[in-house]
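Two complexes follow with chain A in common, the first pairing it with chain B and the second with chain C.
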Partner chain A sequence: MAECHPVGFQWVMEAKARGATLIHVDPRFTRTSAMADIHVPIRAGTDIAFLGALVNHVLLNELDFREYVVAYTNAASIVGEDFKDTEELGGVFSGFDPDTGKYDSSSWQYEGVTEAAAAGQRDPSLPGTPGSDEDLESGAAESGSDSAGSEHEAHEAGRSETAGSGGPTVGSKPPRDETLQHPRCVYQILKRHYARYTPEMVERVCGISQAQFAQVADVLTRNSGPDRTAAFCYAVGWTQHSVGVQNIRTAAILQALLGNMGRPGGGIMALRGHASIQGSTDIPTLYNLLPGYIPMPHAAHHEDLDSFVAADAGSTGYWGNMRDYAVSLLKSYWGDAATADNDFCFDYLPRLTGDHSTYPTVLGQIEGSVKGYFLVGENPAVGSSNGKLQRLGLANLDWLVVRDFNLIESATFWKDAPEIATGELVTEDIGTEVFFLPAAAHTEKSGSFTNTQRMLQWHHKAVEPPGDCRSDLEFYYDLGKRMRASLAGSTDELDRPLLDLTWDYPEHGPTDEPSAEAVLREINGVGPDGAALSSYTELKDDGSTACGCWIYCGVYADETNQAARRKPGQEQSWVAPEWGWAWPANRRILYNRASADPDGKPWSERKAYVWWDAEQGKWTGHDVPDFVVDRPPDYEPPEGATGPDAIGGRDPFVMQTDGKAWLFAPVGLADGPMPTHYEPPESPVSNSMYEQQNNPAREPIERPENPLNPTGSPVFPYVFTSYRLTEHHTAGGMSRSLPYLAELQPEMFCEVSPRLAQQRGLINGGWATIVTERTAIEARVLVTERVRSLRIGDRMLEQVGLPYHWGGNGLTTGDSTNDLVNLTLDPNVHIQGKVGTCDVQPGRRPVGPALIAYVERYRQRAAEAAATPSGTEGSHA
Partner chain B sequence: MAARANLSNWPVLRQASGSDRLGRGAAVKSGVSERLQPRTATADKVVDSVCPYCAVGCGQKLYVKDDKVVQIEGDPASPVSRGRLCPKGSATLQLVSNPSRVTKVRYRRPHGTEWEDLDLETAMEMITDRVIKTRRDNWEWEKDGKRTRRTMAIASLGGATLDNEENYLMKKLYTAMGAVQIENQARI
Partner chain C sequence: MSNSLAGRLDDVAGDAGYHDHPPRMGFFTDTSICIGCKACEVACKEWNQVPEDGISLSGMSYDNSLMLGADTWRHVAFVEKTVPTEPAITGVDQAADGLQWLMASDVCKHCTHAACLDVCPTGSLFRTEFGTVVVQEDICNGCGYCVPACPYGVIDQREDDGRVFKCTLCYDRLSVGEEPACAKACPTDSIQFGELSELRQRAEHRVAELHDKGVDVARLYGQDPDDGVGGDGAFFLLLDDAEVYGLPPDPVVTTRDLPAMWRHVGMAALGLVGAGIAAFIGRPR
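Our next item is the complex of A and B:
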């Protein structure tokens, strides 16, 4: 955190100054470690083993926050008899089909839920439902017979990730045992599942000593409870694994057990790397989502608006009003053309049929089906995994539009890609037509960023952009205007969505740029009188309201740009509610009803945040209560209630259909209801914990350009992991061309331990070549004890640290780490990994065709070694 | 009179008689450094902004003179950052005023070996034509008997460094044109 988000880290230091203990778990010793009380070096890719052991420690010693756990989590819920744990099935859960590599989750359901999820429920197994990878709920009945098939489609369509705001649906309330003794209650199932996650196992799998593990477990549990909270922060390195979602889930289970959710100083903070990456998820440039986590419709299930919202219509919690949000969005897109008679133009929406995420798109480029491509502030030739696949895709397009500040590698690949040097690509043979359009900087346009804590902040335009530079707002507005002008008069049905689109924003300035505030106001939404709305609770499904993103409704309340508020922090409370605007409803901590006990009183004076004021009959406190404001703690919803009416007075997790945090996920995940340790797709060791080596539901990308190093191969004995530096920004497009930053970090390097340096004859400041079956790259050598040799079982293991910012262009150049990274995807959200195995050799890599021959020799050696039983351990499972 | 003033400006005397006995501040200031002003003091206006790098969202102040951004500093009023910026944030001025920044459209024709000039208007017309043609030539009403109403030939990557308003228009336009393979850094 001190490396990637130094200014955010000041608050960690403030906490430390007030007595907090700071624990840093990372393969490398970094600036964060330097400030931490405890640095825990870990083998990359073993987070679930470590976190799972903390879960076990909590359960074994009954250190959970029992009153919180019973009241606010699904610990007491009873799971059906059909469920079989990994304990019984050699490391996989019930419902796994080895032929397809996919799970049918129906056996994970609560008792009494005969079918997985009913039609009419927002269940992730129905594509088109904003289901969540985060949390789950009590039973919904699904159209059982095709549940497995539709569930697979759901995960392919990325449905399980559409839970940026809430979880999938379960219908009826499950039976509960609040003594937590029933053998099939979630608490007991969890306890059995994590029993094998012992300190001894942590030592063997992660390379963390039992003494250090005990220290961490003690500090964490002592700092959780009514009077104290602990927080987890991760700089998104947890997500980039074939078990990415389950890494986060493990932390979520731990935090729910310790009562650290919805409370000040608690939570799990994703520290994201781009200024508006949260915003680009909320108002998504993502294939599977519409604004506000409304799913993109799926061809197989959503032929009309009714079937589209059916999954939510009967559900409890705020997703029960999904039709209001969807209709208001359609009104925002198609205005007067969208009427009740034509289903509010629902048919204008294109439909999904599977996984259309970025890596399948690249394969589509290589195969020739994807012909035109826009790159907008993104540099996949350096920033995406397996760079060769990215560049082969770019080289097979009809046309490419690149919008950026500089000529990034993704714009110049046709003349200087590494594949040109090796002869795999020839400039004259590449038919891609490339348009480079220079982009305006944030100083040259107005607009809002949503930061990593869901807060929108407005930046004001200071100067006009130079030359041909234009904002992306202006580019897309202009492109839309030109397309509409060109197609005007068309009677072809395929052009109707473009011609009926509301596409008329006020323009100003010398280049007639559209007004960003007008767009923000459309995002906020307007009521029947045309005035800006102030809350999503005002949205209607009759077409009388329009709203471009329901969770952002209120950002333009009172016809005022709330994101532009800048009341100095010093002049307001520590929550600082009048700086910017946080979705939803300017809440700064989500699910904050959990900061009070079931009766509505703060858990402790020290941790008071939001509480029930009985005299006034409402929730109050330091933040906007994340609850129905006048709903008393003793409220019991009437039988059959739906939507927000069905939220009980003691159910803080209001976006969940059961209002509870999920320790066990009976539905919603593609790879199991509880996180389980599997080895990364490339690992130096076999799985010590289960027969099953890898995440059985992972999504391999089988291409000749994407071979994997064999497990335990003596040819690739080391582990590498990629990471960021303080002085550079992701793929380098915004940092490698800056003189200051280029001077601060002038060259690509690898970090290795003294022991590895000795093994391979590496010299500090010299060169090293890092080799995988994909390719080999070169880097300067940094020999440092910051990278610790780890004892894994009966052997010592070395890890190699590789920053991934470099490419061929800019003031500082070097090989790209992502060229080494294999493509294997997490099955829930289709994200790639960042860990692999490698060899390291002194000196620079071969250039030209010799590089291909060099890597080919490694492939042959690895195949020969794998064919020889001795010297290898484990096998692909 | 002038001689006396000069004498009293003698650094040794100032150090001996003033409060800066260690000679680390006022006592050793020269006339030149006394007259120096920060770039921020001469700015025509100061504009509120937000750092464009990571998602912490540190406040920035843009100092503008003669319609140029001359300095970018942290905003002390921000409850997020309290005036601080990291090395990247502190270098933002070089991002926006970098002489290496490309400000003209560049064009590479199919199979071309060099960049060519192209005016923005022509480029926009050409891109519009490409999008319309690719969309029409690769339109898909149905797949496996189910209505899809889309084109699988046009894709887009990016958005995480952009404004919310930009992402909104992108998604809106792409959806209306039937493109679904719209992605950004969030999945990478």
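Our next item is the complex of A and C:
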């Protein structure tokens, strides 16, 4: 966090000054480790083994926050008899179909829960997860209208969008055993599942000593309970695994068991890839979501608005009002044209036909089904996994629009891609027409950033953008105006969605910049009188309200830009509600009903946050209560209640249909109801914990450019992992061109342990070549104790650290780490990985066609070694 | 004006001839909370328009600016060291696996007795009303006398220009009541700007606090008004010996012995003259 988010890290330092203990789990020793009380070096890709052992430690020693767990989680819920755990099936759960590589989650359901009525159910056979979180570099938008080609129709959408903001629906409230003794209650199932996650296993799988594991377990559990809370912070590298979603799920289980959710000082903070990535999932640049996590409708399933909202209309909690949010969104898009008679223009919305996420889109480019592409602040030629695939895709487009500050590698690939040097691409043969449009920086435009706390903070334009640079807002607004002008007078029904759009923002300044505040006001929404709304509870499904993103409703309450508030912390309460504005409803901590006990009293004086005031008959406290404000703690919803009426007085997780935090996910995930340790797609070792080596539901990308190193190959004995440095920004487009940043980290390098340096004859400051079956890259060498040799079972394992900021353009240039990274996707959100195996050799790599021959020799040797497992291994290629 | 070149001096601006001057301002850099982000280096360069200082990898941990110079006015040192500790929670900056990564942002010390200023023949280097030491770019003639005079090796000549440059403690910002750019940018308040007397108290308090936590390696560097430079206007809290961070352990203002030297020179000259006269007087007629 100090490494990637130094400004946010000031609050960690402040917590430390106030006595907090800081634990840092990371393969490498970073600037964060330097500040930590405990640094835990871990083998990259083994997080679930480590966290699962913490879960086991909590359950085995009964260190869970029992009253919280019984009342607020689904620990007591009883799962149906059909469910079979990985313990019984050699590392897979019941419902797995080896032919399709997919799970049918129906056997994971609570007891007695029949599938919800077929009508309107969003496709129960295809699980998904809420809040899809593909942390790409801010929005590559597929612009071609074709669906992504025949091969990918097999890649069905992960359907993470199906659940929407409310989480997946469970049909009804399940039977519960609050003694937690029933053999099929979630608590007992969890206990059995994690029983094999022992400290010994952590040592063997992760390379973390039992003593250090015990220390972490002790510090974490002692710091959780009525009086104390612990927080997890992660940078999004944690999601970049074939088990990315399950990594986060394991942390969520642990935090729920320890009672660290919905309480001050607790939670799980996703430190996003860059400013306002949270905002770009709320108002998404993702293909499968509409604003406010409303799912994008599917062509086959959502013929009309009724069928679209039906799955949620009957559900409990605030998500039950989804029709209000959807209709208000349609009204904000199409204004007066959207009426009850035409289903509020629901037909105008685009539809999904499959998985249109980034990587399948790239494959579509290569295969020719994607003809045009917009890159807006994204540099996939450097920043996305398997750079070769990215560049081959770009080289096969008809046209490409790049909006960035500089001529990034993704704009100049046609003349200087590594594949030009090797002869795999020839400039004269590349037909892509590239349009480069210079972009304005954040200081040159006004707008809001949404941070990981869901807080919007407004920034004001400081200077006019230079030359032809323009804001994205102006670009898209102008593009829309031009497209509408060219279609003016058209009678083609296909053009109605564009022509009927509300597209009338006020413009100002020398470049006719559209008003960002007018856009924010539109997002906030207006009522029948045209005045700004103040809360999403005011939204209606009759077309009388319009709202661009229901969760942001209130950001422009009282006709005031609430995100621009900057009242200093000293002048208000410690929760600081008048600094910026947090969705929803300016709540700073979600699910804060959980900060009080079931009777509505604070768990402790020290951690008092939101509580029930019996005299006034309402919830009150330091924050905006995340609950029906006048609902008493003893309220029992009547049978058959829906929407907010169905939230019990002791159900703090108001967006979940059962009001509980899920230790076990009966629906919603594509790869199992409980996180399970699988080895990364490329691993130096076999899975010590199960027969099943890899996540069985992972999405492999099978292409000749994407071969995987064999498991345990002596040819590729080392693990590499990619990461960031403080001095550079992602794929380097914002930093490699700046002298003041380039001089601080002036060259691509790899970090290796003294032991690896000795094994391979690497010299500090010299050169090394890092090889996989995809390609080989070169880097300068830093030999450092900060990279630890790990003991894995009976062998020592070395890891290679590779920053991923470099490419061919800018003041500092170098090979791209992502050229090494294999492409295998998490099945829930289709995110790529960042871990693989490799060889390392001293010296620079071959150039030109010799590079291809060099890698080909490695492929042959790896194949030979795989054919003869006991074969000897020479250390030189 | 005492015109003293060494020793304790409590009113440095007054001694330089300022009446009704503001209090002496300075930096307290608490390296125990430095996270090595280098925001200070970048903010300094942005504000003061300091040129890029060479784009080449040093191979020395994450330190690629290596030292202060004409084109680097803030420099963050990175020191990797192994410490013989068993896994235990031992307190701040004491990682459990026996590794420490010390980071420290170095800067011009703005000495109480600044030899650079003492030797400057043009008056380009001067003492400001805030007690800081600043080079006037338009007066410096590039003679370079100040370069060897600095006991810390801070001030340096810019190649292809010849003139010397160094930290001004953002004299322009101070003049309008703003804090220096580096302190403003520092996310963890490792770089603290303020009245020197107050900073010294704060630093004593911080050292005591760290000692209470068992971090007995914490010590101050440059805060002592009785040291060889009369105390620094920019001083530090370190977690190891000064040498570990590339700082001289016992800096002495290089002009300290000038009066004595001149006395000796004078006496020698007198002696020579005397000998000459004696030679004439004593010449046999």
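The rule is short, and it goes like this: the second predicted complex is superposed on the first by the 822 of 877 C-alpha atoms of A that agree within 3 Å, B and C clash if a C-alpha of one lies under 4 Å from a C-alpha of the other, contacts with A are read in each partner's own complex, and residues count from 1 in each chain.
Definition applied: a residue touches a chain if its C-beta (ideal position, glycine included) is under 8 Å from a C-beta of that chain, and two chains touch if they have at least 3 such contacts.
Because the structure is a prediction, the values reported are computed rather than measured.
S.K.: Which partner chains sit in contact with A:456 here, chain B, chain C, both or neither? Use first/second/both/neither.
M.R.: Once the two structures are laid over each other on A, A:456 reaches chain B alone.
S.K.: For A:727, is the partner it touches chain B (first), chain C (second), both, or none of the two (neither)?
M.R.: So A:727 meets both chain B and chain C here.
S.K.: Is it chain B or chain C that touches the larger share of residues in chain A?
M.R.: Touching more of chain A: B.
S.K.: Now for A:10: first (chain B), second (chain C), both, or neither, which partner does it touch?
M.R.: A:10: touches chain B and chain C.
S.K.: Can A:585 be said to touch chain B (first), chain C (second), both, or neither?
M.R.: In the superposition, A:585 touches no partner, neither chain B nor chain C.
S.K.: What is the contact status of A:740 with respect to chain B (first) and chain C (second): first, second, both, or neither?
M.R.: both
S.K.: Under the stated touch criterion, which partner chain does A:780 make contact with: chain B (first), chain C (second), both, or neither?
M.R.: second
S.K.: First (chain B), second (chain C), both or neither: which does A:35 touch?
M.R.: second
S.K.: Let me test your reading of the model: by the given contact rule, A:468 touches which partner, first (chain B), second (chain C), both or neither?
M.R.: first
S.K.: Of the residues on chain A, which ones does chain B touch that chain C also touches?
M.R.: Common interface on chain A, chain B vs chain C: 6-7, 10, 726-727, 739-741, 744, 811.
S.K.: Which of the residues in chain C come into contact with chain A in the complex?
M.R.: Listed in rising order, the residues are 33, 35-39, 41-42, 45-46, 51-59, 61-62, 64-65, 80, 82, 87-97, 99-103, 187-189.
S.K.: Chain C touches which residues of chain A in the complex?
M.R.: It is residues 2, 6-7, 9-10, 13, 16-17, 21, 29, 31-41, 209, 211-212, 215, 219, 725-727, 739-747, 749, 764-765, 780-782, 784-786, 788, 811-812 of chain A that touch chain C.
S.K.: Help me check something: in the complex, which residues belonging to chain B touch chain A?
M.R.: 45, 47-60, 62, 64, 67-69, 72, 76-82, 84-91, 94-96, 98, 100-115, 118, 120, 123-132, 134, 136, 138-139, 141, 143-144, 146-173, 175-188
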